[in-house]
Every structure is written in C-alpha cells, then in structure tokens.
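Two complexes are shown next, each including subunit A; its partner changes from subunit B in the first to subunit C in the second.
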Partner chain A sequence: MDALLIVFASGLISLFAAFAKKPWLVVGSAMAGLLAAIIVIIGQLQTGKAFFDFLTYEGLAFDQGALLFSLAICVLSLLIIGIGYERFKENPEHTGEYIGLLMFSATGAMIMTAYTDMFMFFLGLEILSIPIYVMAGSNKADVRSSEASLKYFLTGSFATGIFLFGLAWVYGATGTFKLIEIQMKIQEMETLSPILMIGVLLIMASFIFKVGAAPFHFWSPDVYDGAPPAVTGFMASVVKMAAFYAFLKMFSVCFGLGELMDFWNGALVVMIIITLFVGNLSALRQVKFKRLLAYSSITHVGYTLLLFVSQLDFNYSSPILWFYMFSYGFSIVGIIAVAIAVNDSEDRIDGLKGLGKRNPFLAIVGIVSLLSLAGIPPTSGFFAKYVLFSSAWASASWLVIIALINSGISIYYYLKVIVTIASPAEQEQEKIKLSPLTIAVMLVALVGTLGFSFILPLLY
Partner chain B sequence: MLLATLFESGVKIEHYMVLATALFVIGVFGVLYRKNAIILLMCIELMLNAVNLLLVAFSTYFGQADGQLFVFFIMVVAAAEATVGLSILVLLYRNTRSTDIRLFNKLKN
Partner chain C sequence: MEVLLFILPVFFALSVLIVPKSGVRAYGIIGSLAVLGVVIACMMQYSNDGTVHLFGNKEEWLRSTGITMSFGYDGISLLMLLLTAVLVPLILVSNFKNELAENRLFTSMVFFMQLGLIGVFISMDGLWFYVFWEITLIPIFLISWWFGAPERKAALMKFFIYTFVGSLAMLAALIGLKVNAASFQIEDLKAVILTSKTACWLALGFFLAFAIKIPIFPFHTWQPDTYTKSPMAGTMLLSGIMLKMALYGMIRWMIPLFPEAMSCLQYPVIILATIGVVYGAIIAIKQKDMKRVFAFASMSHVGLIAAAIMVWDFDALSGSMVQIVNHGLVAVGLFLAVEIIERRTGTRNLPDLGGFAKQAPKFAFWFAVLAFASVSVPLTSGFIGEFLMLKGLVQFDMIIGIIAGTTLILGAVYTFRAYQLSMYGPVTRDQFADLHWSELIVLAIIIIAVVILGVYPAIITDFVNPSLKIVLETVSTPSGL
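Take a look at the complex of A and B:
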C-alpha cells in the first residue's frame, strides 16, 4: 500500500513539476518516486511488515505475490522512463503529461496485482488502460500514432464491456463481488448454473482480448506499430504482466475448481494452439521491426497461457509467471532501447544493418535481448521457458510439444534479425552516440537478461 | 393488453436478463458493423448501460447494495472513457476531416 501511494504521489508531483519547463525535473521526480517505491517494497518483502501499518483497505491485499509483481512493475517502469528520456530533451513539450500518465498507469497495474474484490480489479484495469490510450497517441504530429490510439481505445473499451457483462452474470450466479466469497459460493453449488458458465466464458474472452492472444489479437500489431516506441515497450512488458497476474489470480481463486475448470480449459487449449501458430507464422514475413516484436509478443502470450492449463502450478503464488514476465520484460526493454537509439523513422529490420560498426555496445544489447526472446541457453529467457514448459509437461505434454515446435520456428526470425545486426551495411553510416542514462538503462537490461536466472533458485 | 398482462404477472428477473442481453447484443453488433467512430462510441456506452441494468436488477433481486454501488463505478469510468475517446477522435478528425473508421488505415503493411 505504501509503494502504491508513493508511485501515485510522485506521478502527481511530476505532473505539476512540468510547469517549471525543465524535463529533467519531471523525469527526476518520477524516477525518485519509483526508486523509493522499489526500496519500500524490498523492505516489506524482507521484514514482512509495511512501513505505514495503518494504511490498509480490505479490497487490496499486498501479499508476497502482489509485492513481487509490484516490484517488477516499478523496475520496468523505471527503465522505460529512462529510455524515453532522450525524446523529451529534443521536444520538451508534454513531458509532464506523458510521465504523469505513465506513473498513473503503473499505479493501476499495482492495484491489479493486489485486488481482492472485483471493485478494485475493475478500477485497477481502467486506471491501467485509460492513460495508455492517451499515451499511445502522444505523438500528435504523426497520424499513425493517433490511429493506434483509436484502435487501442476501441478494442480496449470493447473488451471492458465484455468483461463487465461477464462479471454481471457471475454476480447474478453468486451474489457477491469478493473473490473468496465467489469461490465459496461456487463450491457450494451442486450443479453449475448456466449463468455462471456464460459469465466465465465472457470474462475469459475479455482476458484474451486484453493480453492479445488469438483469435482476438488483431489489434496488437497495429497498436504496437503505431504507438511511440517507449509506449510499445510499456504495453508489452508492464501491461501484460499486470493483466496476466490479475487474471491468474481471478481464475485460480474463483474459477479454478473441478468441473468449471475443465469447462474453460478446453476452450483455452484451442486458443493457445491458434495463438502460437498465428503469432509465429505471421512473424516470419514481417519487414518492420516493431510489427515483428508485436507478433513475437503474441507468441510469448501463447507460451505464458500454458501456465493456465498446468495443473501443477496453477495458483497465483507460483513464481513461474513472475520469473517469465520479468525476464521477458528485461529483453523487451533492451530491444526497444536499441530501436529508439537507432531512431529509424521507417522502422525496417534492414535499418539495423551495420549496427555492430555504428555502435558495438548497441549491437551486443540487441543480440542478447533477441537471444533471450528466442530462449537460447545462457540468457534468462531460456530458464524462464524451461520452468514454464516443465510445469505444464505433467498435465498437457502434447501441448508442450506444440509449443516446442513453435519455439523452433521462432528461432528462425530472431536469428534473421541477429544476422542483420551483425552484417555490414552497404554504405558508410554515421556512428551512434548514447547518453549516459540510455547506457545505464541498457546495462541494467543486459545484466537482467544475462544474470536474472541466478534469482531462480532463490524462488524455490 | 400486453402491458396489462405484464403488470398483472409482475416483471421477473428473467425479463431484465433478456432485456439486458438484447441491449448488449445490439451494442456488440453496432461495434462490429457500424463504420462511424462516434456511433461506435455510443454502442460501447450501450454495452456498458446494459451491464448497469443487469447489475441493478440482480442487486434488487438479492436485496443487497453491492451491485448498485458497482454501477456508480461503471458510470464514472464510462464518463472518463468517453472523454478520452472523443478527444482521440478530435485528434484524428483534424487529419482526415472525417470520422469514418475505414479511412484510418495507415497502419497496414
């Protein structure tokens, strides 16, 4: 709860600091707030006790899982603010609004990790989403950015409507909004009422919409392509992380028992298979870098959904999701930082040619992040995939085999980009200079991608 | 005649369920098939209002206030969403001079 308030307050402060017309002040106060939040969360994880004990609310419970995910959200938001800073030095207008919205969105993400009733879930979801609709369109001079914003807004609010309709049916079947009470009511039922089943299906559809899995993935390539790169990074890492954890919590606590679980699991298995193949086969023929990332993120959503069908680790205190999403977030931050530094307006994959000569450090960060996305051994992406697949193996081994085949396909297009980075350019290009802040962010992402796997043994 | 029989038998929870579902489905089909972005926004509002109706009906049926409280939250959020959505539309209208969503196709390959 303290960390939540700190992030919210520093968002407000950075919003007002914008009146001073100094971008470093805005970014500095936001970063200081996030750092303070990280310290508070680590302290609470160590001592098991909040700094301000009296600040509690029954709708929010910061248990260990919520704290771990809040930590990841704060770290990734900090890195994303860091890589977006260069843009504000060139164009200081609207720095305050952008940073403030990002902080409010992070607040919503933290609420989504800690909710215990549907009120808080719904409010967290909207506090997370509404700022991102605006942020996606923050590049006002570019029509493509506004278009991405509209597309994200329409699909996002449509998904919200579907979620609420499903929630209304669940309320009709159980008569309560609290997660624990819904679970008890469902356990008491002798036969599942059709009202409840409709509700669960609708909620699952909205979930699939929000995380961008097939067959409701069509918005994500356009939105990822059109939005400013830093916002794309935020959507791919923080938003996905919060949405996955929130739905894992809802489905494992409320709908994760017996007959009801078998009911929605069947539908989910089909969706996982479609998601994996659609994401991978479309990624094969992309020429634009951010579209490639969008399809790769669809594939990663497919892998992550395996957690929902694994009987072994289908509970919200399992560290697998945290580990997977955190290592994925580090590699996304690394690759987006490279894309921003290259600053290619066409955003073509071929624009990365000769990167090794233009700036060797950038090339290394790019290659390591891509290896981690592909899941090649020394990186944390491999270990994350390994623990995920091995936990799903016991209950759905044939599905894991399909995921492994897709993993093989995906290596092709990641390697294609790596080869492009390593190959020489046709004509001589100027060298890329990096600011100290960008280098620091990239170093953190690099260390995270390479060394994060050492945290894994501590979690078990 | 029909109204009179309805009042005599009393409006049951099932009637609200059917009405809310009908409104919601109209909203969904509107979002899927209409081409004017402002009408899309209105259809999304219709979906949310169908949810409100259903929640209030269930809330009265159970005799508790939770559902009606939720409706207030939905109203607030719907207002915020409409604000953001309309401003995005104004931004796009400046470029295209139209609200037809078929014109917003710069992001295709």
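Take a look at the complex of A and C:
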C-alpha cells in the first residue's frame, strides 16, 4: 500500500513539476518516487510490516506475491523512464503528461497485483490501460503513432467491455465480487452452472486479448510498431507482467478447480499452440525491428501461458511467473534501449548493421538481450524458460515439446538480428553517443539479463 | 584451486580486450598456459582411484528448481581438460602468423570458448552441463562469423540452428528426466528408474544433440561447409575439441543415465556411425578442396570413436579415449598443414598445388609424419586407439567390425592422395617458404606427443582406466545404481 501511494503521489508531483518546463525535474521526481517505492517494498519484504500499516483496504492485499510483482513493476518502470528520457531533451513540450501517465499506469499495474475483489481488478485494469491509450499516441508528429493509439483504444475498450460482460455473468452465478467468496461458491456448486461457464469464457477471451495471444493478437504488431519505443517497452514488460499475474491469480484461485479448470483448459491449450506458431512463423519474415519484437513477444506470451495449463498451486506458479516476466522485462528494456539509441526512423533490421563499430557497448547489450529472448544460456532468459517449461512438463509434456520446437524456430530470427548487429556496415556511419542515464539503464538491464539468475540465489 | 578453472578463462577473456594490440599474441598464450598450469595442478592433486573428485555446492542453487552447483572431475574429465588446455595454446601459436592473432575479440572469444569447454567437462549437474554445452556455441559461431571466409553466412546459420535444435532435444530429455529425480545432480539423475520405452525416448533426445555435434551420419550436413568456411582456428576448435564434447557426453551422460535404453539404441547408433565411417572416407577421397578432405576425414574418424563407445566394452572405451586425444592432436596438425599451404599459395584446391616437397623439405617431413599418424601407423597413438576400438567392434559384431575396419585402408587413400597431390608432382609455384618457427613448434609438439603416446599409451590408459571401470560398473547393474 505504501509503495502504491508513493508511486501515485510522485506521478502527481511530476505532473505539476511539468509547469517548470524542465524535463529533468519531471523525470527526476518520477524516478525518485519509484526508487523510494522500491526501497519501501524491499523494506516491507524484509520486515513483513508496512510503514503505514493503518492504511489498509479490504479490496487490496499486499501479500508477498503482490509485493514481489510490484517491485518488478517499479524497477522496470524506472528503467523505461530512463530510456525514454532522451526524447524529451529535444522536445520538452509533453514531458509532464507522458511521465505522469506512465506513473499512473504503473499505479494501475500495482493495483492489479494486489486486488482481492473483482471490482478492484477492474479499476486496476482501467487505470493501467487508459494512460497507455494516450501514451501510444504521444508521438503526435507520427501518423503511425496515432494509428496505434486509436487501434489500441478501440480494440482495448472492446475487450474491456467483454470482460465486464463476463464479470456480470460470473456475478450472476456466484453473487459476489470477492475472490475468496467466488471460490467458495464455486466449490459449493454441485454441477457447474452454465452461467458461470459463459462468464469464465468471456473473461478468458478478454484476458487473451489483453496479453495479445492468438487468435486475438492482431492489434499487437501494429500497436507495438507504431507506438514510441519506450511505450512499446512498457507495454511488453510492465503491462504484460501485471496482466499475467492478475489473471493467473483469478484463474488459479477462482476458476482453477476440478471440472471448471478442465472446461477452459482445453481451449487454452489450443490457443497456446496457435499463439506459438503464429508468433514465430510471422516473425520469420519481418524486416522491421519493432514488428519482429512484437511477434516475438506474442511467442513469449505463448510460453507464459503454459503456466496456466500446468495445474500448479498458485503459490508455486506465481514465483515462476515473476522470474520469467522479470527476466523477460530486463531483456525487453535492453533491446528497446538499443532501438532508441540507434534511432532509425525506418526501423529496419538492416539499420542495425555495423552497430559494433558505432558503439560496442550498444552491440553487447543488444546481443545479450537477444540471446536472453532466445533463451540461450547463461542468460536469465534461459533459466526462466527452463523453470517454466519444467513446471509444465508434469501435466503437459507434449505441449512443452511443442514449445521447445518453437524455441528452435525462433532461434532463426533472433540469430538473424544478432548477426546483423555483428556484421559490418556497407558505408561508414557516425558513432553513437550515449548519455550517462542511458548507459546506467543499459548497465542495469545487462546485469539483469546476464546475472539475474545468479543474483537471485544469493537473496534467498 | 578448482575455481580457477572458471575464473582464469573469464579473466583473460575480459582483460584481453584492453591489452594493446601488439601484446595480444603474447597475452593470449600466457593466459592459455596459465589455464594449462591449473589443469596440471588439478591432475597432480587427483588421487587417480577413479572416483569423482567433487567440488562446489551440492545444495540447491535456485530454489525449487533442483539445480545444484556440483562440479567435479575424474580421470575422464581430467583427460578432456588436459586436451583442451593443451590444444588452446597450440591453436593460438599456430595462428601466430595471421593478422587474426592480433585481434582482441578473437582471443577473447577463444577464452570464452575454453570456459565453455572446461565447464562441459567438469559439470556434474545436468543443467550446468547443458548450460556450458550451449555457451560453447556462441563464441565459435562468432569467431567463424567475424573472421571466416566471405561466403560463410548461410553455412554458419545452418550450423547454429542445427546444433541449437539438437540441444533443445537434449533439454527436453533433461526436463523429462528431472521431473522424476530429486535434483539435477548426476547421481540423482542416475538413480531414476525408467521403463525401457521412456528411457529410449529420453536417450534419443540426448543422442540427437550428440549426433549432430559429433556428427554421426545423417546429421552431418552442416559439418563440411562450416569447417571450410570457418577460419583455421575455428576449424581447429571445432574438430579438435568441440566435437569431443559430444563423445564425452556419451560416456558421461547418455549411457550412464539411460542404461535401459542401451538395448534399443546400441545397434542403430553403431550402424549409423559405421555408415558414417565409410561414407565420410569415400567422400573424402573425391574432394578437391584440401580442407574438405580433412573435414570428411574427421567425420570418418570420429564416427569410429562413437561406434566404439556404443559397444560399451572396457577395451573399446579405453581405445576411444586414446583416439580422442590422438584425433584432437592430429586434426589440429592437419588443419595447420592446410593453412600453411593456403597462406603461401592462396588456394586449397588440390589440382592447383604440387611440388612443395622440393621447396620446403622441413614442411614435407613434418606433414608426412602427420599423415602417417592420421592413418594410424604403428608407433603413433592412432594405432593403439584404432586397434582397440576395432577389436571391440569385431567382438561385438564381426561384419560391422570388418566394415569399420576399411577405414584404415580408405584413410590411407585420402590422406596420401592429399599429401601426394600437394607435396609431390611438378613444381607449381616459384617459391614456397619453409616453416615459420611458430608453425614448426606446433607441428613438432603434436608429432612428439603422438609418437610418445604411440610408444607408451599407458600414460593415457593408466590415467583413465580406473574411472572408466567405475563408469562401466555403474551401468552394468540393471537398476543403474
């Protein structure tokens, strides 16, 4: 709760700080707020006590899982604000709105991690999404950015509608919004009511839409491609993390029992297989870098969905999700930072050629991030993928084998980008200079991608 | 002490990046010799009773994943470590005359490669084995990508994807095995009792990874292209050490983990490997590119080792250990000989070459000795190795043994054909400089080692036999315990 308030307050502060027309002040206050939130969360994890422990609300419970995910959300938001800062040096006009919206969106994400009733869940989802509709269009000079914004808004609000519709059915079947009570009501049922089943299906559809899995993935390449890179990074890391955790909580606590699980499980398995192949096969032929990342992120959604069908206890599957999404977030931050630094308006993969000459550090960050996305050891992407796959093996070993085959396919396009970075350019290009802030962010991302899995054992 | 095995390569790989250009050559050699020193110190320390000397932490490293930090070595691992530690300085020295030797990135990648190889040989935990196995792929790929022949790209992509997919099969098998075991520790994995059918499937996952790396017959298509397109040092690393990882993996992991699968895998693998032996040799005879000749020759030789390992007989195993060392040394030597010719004439095309024996008698002599070592003439280590392996194969199945035995004849054909076409015949070049001291050193060390091991192979066999015995014993009992 403390961290939530801090992030929200610093979002407000940075909004007002924008009146000073000094981008560094806005970014500085937002970053300070996030740092404070990180420290508070770590403190709460260590001691088990909140600083303002009188501030409680029954709709929100910051238990250990919620705290861990909030920590990840704060860290990744901090990094993404860091890489997005360069843009405002030249054009300080809209710093305040952008940073403020990002902070509010992070607030929404944190609410989604801590919700205990559906009402708070919906609030969190909207607080998370609405700022992103705006942020996706924040690059007003670019038509594609506006297109992305509109597309995301229309499809996103449609999905929200479907979610609400499904929620209404669930409410009709159980008569409550509270997770625990819904769970109890479902357990008490002798036969599953069809009303509930329709509700669950509708909620699942909106979930599949929100995370961008096939067959509801069509928005994501366009939005990822059109939105400003930092926003793409935010969507791929923070938004996905929050959405996955919130829905994992909902599906394993409420709907993850007995017959009901079997009911949606079959549909999800089919969707996972489609997602994996659609994401991978479409990525193979991309020539634009951000589109490639969009399709690769669809594939990653497919891998993550394995957790939903793995029939694990929530207490066991949520740390796995945390580990996976956190290391995925680090690699996304790294690769987006590279894309921003290269600043190729046409965004072609070939534009990365000769990066090693232009700036060796950038090339290393790019290569390591891509290796992590591809899941090649010793990057944390590999360990995360391993943990995920091995947890799913027991209940769906053949699905894991399909996922591994897809890893094999995906190595082709990751490798294509890696070798583009490693090969020399046709003509001489000027060197890329990085600001200290970007370098710091990239260092954190690099340490995260390379050493996250090595640091983690030290903390436990 | 053992931690240095990891720290030194990482240290040299990173620190070489800031060494001034003129010092890179010397720095690389010093670094690789330092690693050699550590390996020798480990060997001195090892009691040679065949048990695994464990170090590292047996507790879980990452919570609830079953990954442990267990590393260790026995005689087999130490022999592979020694081979790595000896070959890396030899490869660096043989590269001395190339511009590449000055390149910091290149030297750095060689050290990363060494780190991966050392890790593979001392991992006693399934997942770390896999991790290091994959780590080796990145530096060798980058070495070939950055410094290889102009039209290398397609071949290298094929190489990477091919081997990566194979490794994924191994990962799947590892995960499938681990769900039944307490942890990834090798003893825990061995303790798992499987039905013969699951064991076959899981062993097949391992086999796919190893078969692609070795390469065994139908999985070899990446190999000749990658060998020819890589720079000389890359080819040496690939054939000298990297494919030994797979042979080591068969001895240490595949067969001991799945003794139940032996019955269904043994015949198919031996037959495939034997086909590879003959097939590689026949293709080698027809090649015009000298490097391709030795690439296919390497495939032929290694196929024989793989077949002998699958026989799983004590003599055949100890013969294959001798041959692993011998092949590592001889392959490096032969590829150096090719490189020497290419450096001076700019081509490897056999019809364009000839007559160098008159102009460069020293080179002719050393190359000839190397060629003899390659065809396993008595008094070279190849003889002992191939003799023991063929003996095992003949005992296993007479026909297979005889077919595999043709490698001796065919080997002589392609080796001496390459030698004769390049060294004898009419003089084709106005001048052909004789050996540079760095080339001479490498060739001389290799030949001396090969001859010493040929005369007195007990140096190797005494060292590995106790460990081999223990590995054999663990498998011969039905439950694998």
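Methods note: the second predicted complex is superposed on the first by the 447 of 460 C-alpha atoms of A that agree within 3 Å, B and C clash if a C-alpha of one lies under 4 Å from a C-alpha of the other, contacts with A are read in each partner's own complex, and residues count from 1 in each chain.
Basically, a contact is a pair of C-beta atoms (placed from the backbone, for glycine too) under 8 Å apart; a residue touches a chain by one contact, two chains touch by 3 or more.
None of the values given here were measured: they were computed from a predicted structure.
In the overlay built on the shared chain, the residue A:Phe177 is in contact with subunit B alone; subunit C does not reach it.
In the superposition on chain A, A:Trp24 contacts neither subunit B nor subunit C. Once the two complexes are laid over each other on the shared chain, residue contacts for A:Ala148 go to subunit B alone; subunit C is not touched. By the touch criterion stated above, A:Phe165 is placed in contact with subunit B alone, subunit C being left untouched.
By the touch criterion stated above, A:Phe51 is placed in contact with neither subunit B nor subunit C. Once the two structures are superposed, subunit B and subunit C can be ranked by residues of subunit A touched, with B on top. Contacts of A:Gly137 after superposition: subunit B is touched, whereas subunit C is not reached. Once the two complexes are overlaid on the shared chain, A:Ser407 sits against subunit C while remaining clear of subunit B.
In the superposed model, A:Phe263 lies in contact with neither subunit B nor subunit C.
Against subunit A, in their complex, subunit C makes its touches with residues 61-65, 127, 130-132, 134-135, 137-138, 142, 145-146, 153, 156-157, 160-161, 164-165, 168-169, 171-172, 175-176, 178-179. Residue ranges of subunit A in contact with subunit B, taken from their complex: 118-119, 122-123, 126, 130, 133-134, 137, 140, 143-144, 146-151, 153-154, 157-158, 160-162, 164-165, 167-169, 171-172, 175-177, 222, 225-226, 287-288, 291. Taken together, the subunit B residues at the contact with subunit A in this complex read 17, 20, 24, 27-28, 31, 37, 40, 44, 47-48, 50-51, 54-55, 58, 61-62, 64, 66-67, 69-70, 73-74, 77, 80-81, 84-85, 87-89, 91-92, 95-96, 101, 104, 106-109. Those residues of subunit A whose C-beta lies close enough to touch subunit C in the complex are 316, 319, 371, 376-378, 382-383, 386-387, 389-390, 393-394, 397, 400-401, 404-405, 407-408, 411-412, 415-416, 419, 422-423, 453, 456-457, 460.
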